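Labels for the chains are A, B, C and D, by order of writing; each one numbers its residues from 1.
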Amino acid sequence: MLNVLIIGGDARYLEIIEGLRKKGANVFLIGYEKISFEHPTIFTCKHADADFSIMDAIILPVHGTTNEGKVTSAYSDEDFTLNKDMIAKTPTHCVIYTGTTNDFLNEAVANRKLEVLFARDDIAIYNAIPTAEATLQLAIEHTDYTIHGSNVIVLGFGRVGFTVARLFKHVGANVTVCVRNSADVARISEMGMNPLFVTNLHQEIEHNELCINTVPHLLLDRNLITKMNPKTLVIDLASAPGGTDFESAKDRGIHAIHALGLPGKTAPKTAGQIIANTIISLMESIEKQ
Amino acid sequence: MLNVLIIGGDARYLEIIEGLRKKGANVFLIGYEKISFEHPTIFTCKHADADFSIMDAIILPVHGTTNEGKVTSAYSDEDFTLNKDMIAKTPTHCVIYTGTTNDFLNEAVANRKLEVLFARDDIAIYNAIPTAEATLQLAIEHTDYTIHGSNVIVLGFGRVGFTVARLFKHVGANVTVCVRNSADVARISEMGMNPLFVTNLHQEIEHNELCINTVPHLLLDRNLITKMNPKTLVIDLASAPGGTDFESAKDRGIHAIHALGLPGKTAPKTAGQIIANTIISLMESIEKQ
Amino acid sequence: MLNVLIIGGDARYLEIIEGLRKKGANVFLIGYEKISFEHPTIFTCKHADADFSIMDAIILPVHGTTNEGKVTSAYSDEDFTLNKDMIAKTPTHCVIYTGTTNDFLNEAVANRKLEVLFARDDIAIYNAIPTAEATLQLAIEHTDYTIHGSNVIVLGFGRVGFTVARLFKHVGANVTVCVRNSADVARISEMGMNPLFVTNLHQEIEHNELCINTVPHLLLDRNLITKMNPKTLVIDLASAPGGTDFESAKDRGIHAIHALGLPGKTAPKTAGQIIANTIISLMESIEKQ
Amino acid sequence: MLNVLIIGGDARYLEIIEGLRKKGANVFLIGYEKISFEHPTIFTCKHADADFSIMDAIILPVHGTTNEGKVTSAYSDEDFTLNKDMIAKTPTHCVIYTGTTNDFLNEAVANRKLEVLFARDDIAIYNAIPTAEATLQLAIEHTDYTIHGSNVIVLGFGRVGFTVARLFKHVGANVTVCVRNSADVARISEMGMNPLFVTNLHQEIEHNELCINTVPHLLLDRNLITKMNPKTLVIDLASAPGGTDFESAKDRGIHAIHALGLPGKTAPKTAGQIIANTIISLMESIEKQ
């Protein structure tokens, strides 16, 4: 029977707790004082209580820790501070799961396996689904026309761009996808969308009513913003600082929304299941070995 | 050159005005004091001014008139009252366009052609698009899971139900459509969705997280509501009083939204274009004759 | 336990026999000498043997009988001739199933229920699936380009046209559907295809490489054929005599295929199941009453 | 004005000739005696005639040359033998295009740019379209049921597998895709298909009526073949020797088709345009530099 310690988290972690419980693990919780679980294999720990020496896995929040090791929780008013010694007490096979990592974690976990969940392709692809749905919701909400029949340009065709483009096409939009390599151009054509090389973006941008960015670089610079129709709605999904010159957009009166953290906001249950399923199947593949 | 008189209306009517202007009509407006149009062929009339004897067409609001002939406008604080004499002054070929009709209109327009736009199949189908998108927006907003991968049941496969079912399927839901005739069952299968006879609805309802009603009869009665999973979200699109026993839903703690008038709310521009395009092509087909 | 008599048929009828057997019926066969069934509830009858007085249902071939009552079978060298007296011997509740009917059948079955299967909407819709797939197969085979990216025009948007248009669109073609009413135009737009009024067909026909007719009237007359690109491939699905002036097509060197009876040819198993499922659910709904 | 020499080829090369001519190139042909081109910028050369010193580009057949430099053509009874000296005579900027390469070509072209077209991702993706359509044609032809509603398993999710899986899904099949990495599993789920890890293939193989292989390794070995339903149709697309134990399939009476070279066979025009477009855009990007 696995012992898993969860430190901090948010609504998504309720799905992880539930998923692990169902798989028969003992689940130890730090930072969940505000809710109570009535189940013999779920244990709410006081900070000092947790016995790291028995843990087969530790799960940290999606945003990991601060660079000082501080972990926050949506279900506690107190923080918890993780340190190197705690990790050192765990059995050597213990795996530490986190959404993102930093120097502190990389060092603290040096002698254990650190699984950075949000660096995984599978998680990025699954998370693209709620991200795309939330983007669609924003698009429907902030336009006075239907997405069906509208001209939408998606910048980037990575894990998020692919899903966003596909979703808007399925809703009936005329979708152009802007990329920089010829294999993407071929795939976009095959999928019935219009491919566009990024070098030609300045010529096409004005014909679109909706522009969704997924490229994590300043692509929508002042020059491109100037070429846009002022009624264009921009939804930028790229992590801070995004790929849009928001100042220029504001100057031109273009509505640009920087929409971040969408999976956890729009579909915490699904987002939690994505993480839960991945952690569980990683645990299972470890067990098999 | 056609003379068209528009009496009352809302945001959608700006598209109609624009559409008619572009087609070269003289557009006369009653009930638009709050906005101004700077165009030589658009004329804002005082109530008493309008010369009905020159009008080739009169366009009333989507909700028509009251049974006393009163017409309201989103762009005026005053009402206008239409009467039989005004209609009588129009040339005999004049067509009166309205969204819905009533006894007053049927009688007042007896000797002219009355085109009841919302009774038309084409308009109902076009309007199903913004209706479905608004429904999707509500569904994304009021759930904590993704529509992709969820179990959705759509009641009815008429003009709205068809479009709603198709949209949710395209977004990745597992869609069941509940109907009462075998041809619909065949079509639903052909389109890759799950058909269900309404007589078997009570057996399946609990397996769905989202239930969208388009049937304009009390289908979701207390009995069916009792069988639902209490976490089900109900979105009822059927015109008042809807097809849901909202009381029973409330009693069971089921979230049931009666969402009406969606095209005008979610996509007034598209909804206006739908009406504009239809009126214009009707005018053109009259001209050709 | 139902007694069902099957007289004549083809490969599809093996599915019907199998389906009825599984439902627990006694199945009596006339015209199946060439194959043998090893099952206690399947009885191969000599022509004279069949006891009509015990039959709850009689199933005739999809093409029914000749006007003299003659029934042919793919599994027999001999014909069977049905007559009024045989029908008269059946119990009054006996239902006679046939694909198509004629004067002989209408009269002979006057006092029993005659279910004309191919007149049913549900069967027509289910059969549209193999019809469309066979059409696609022909299209791929007889062109030197891919359907993906090609311009395809479908004439008619009835039970077959709808499915054919949808299939070619899903394969990636740019599909135009030619119809004569505005509700179809709206639905075609909603489904992301290009609607075209039949009155404008002459203007558009030349831009299509593939023309698929489902309208059972001479639509592709000499005039339209003359306007076609000579490289156009015409696939006419309408029952004889079809909707194409094949003479004119030949004169212009246009390849026109009149492809009939496709479900039974391309997918006899599925086509048989369609009929079997329908007959069985009709029998079940009778039993319930 | 570019000078382009085409040596050998097949039906696809007519599209390349046409494409280059339209772009304004002088096109020199070796191995095209059987057809004649009436155009001032298309020159049919005798073998000895061709002046390599003026060529900006040389285009070889899709299958390249033999290891002795021999080039064959569908439009000539004679072969042409390329040698190192000919290449050496070309200007240094001359690019040699071939479908596939070998030791001879790699050495002979050492000092010029050799563009191996079929090694390019974009060409592989575009070619996946005719490959998938031809596979669909085979599937419709060699089954007695419809693809719609059937259970299809696709092995591999590379450039071909992706397109094949998508196409069969769009036609209405229930598609399972068998892969070996978790990112593919996520993408397949997102696209509404069923993912399957290759390690679990033996458990699922029997539930599928149609099995399409794109993995260029012996995946369908005797063990898996034994687990298949004997009515399964196998279509193996992987280049020789394919990924199927054809002997074992034969032993079990399983119909296994090794279908190779599909783009050139099923859609030579499209396949030619794919190559033509790629060569032309490569030439254009060279010019721009």
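Just so it is clear, contacts are C-beta pairs under 8 Å (C-beta built on N, C-alpha and C of every residue); 3 or more make two chains touch, one makes a residue touch a chain.
Here the structure is a predicted model, which means the values were calculated and not measured.
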Most widely separated chain from subunit C, with each centre as the mean of CA atoms: A
Interchain centroid distance [CA atoms averaged], subunit A/subunit B, Å: 38
Approximate Å spacing (C-alpha centroids) for the pair subunit A, subunit C: 51
Shared-contact residues (touching 2 or more other chains) in subunit B: 129, 148-149, 172, 189-190
Chain contact topology (line, ring, star, complete or other): complete
Residues of subunit D that touch subunit C when the two form their complex: 11, 129-130, 133-134, 136-137, 140-141, 143-149, 167, 170-172, 266-270
Sites on subunit A touched by subunit C in the complex: 148-149, 172, 189-190, 192
In the complex, subunit C residues that touch subunit B: 120-123, 125-126, 128-129, 162-163, 166, 182-183, 185-187, 189-191, 281
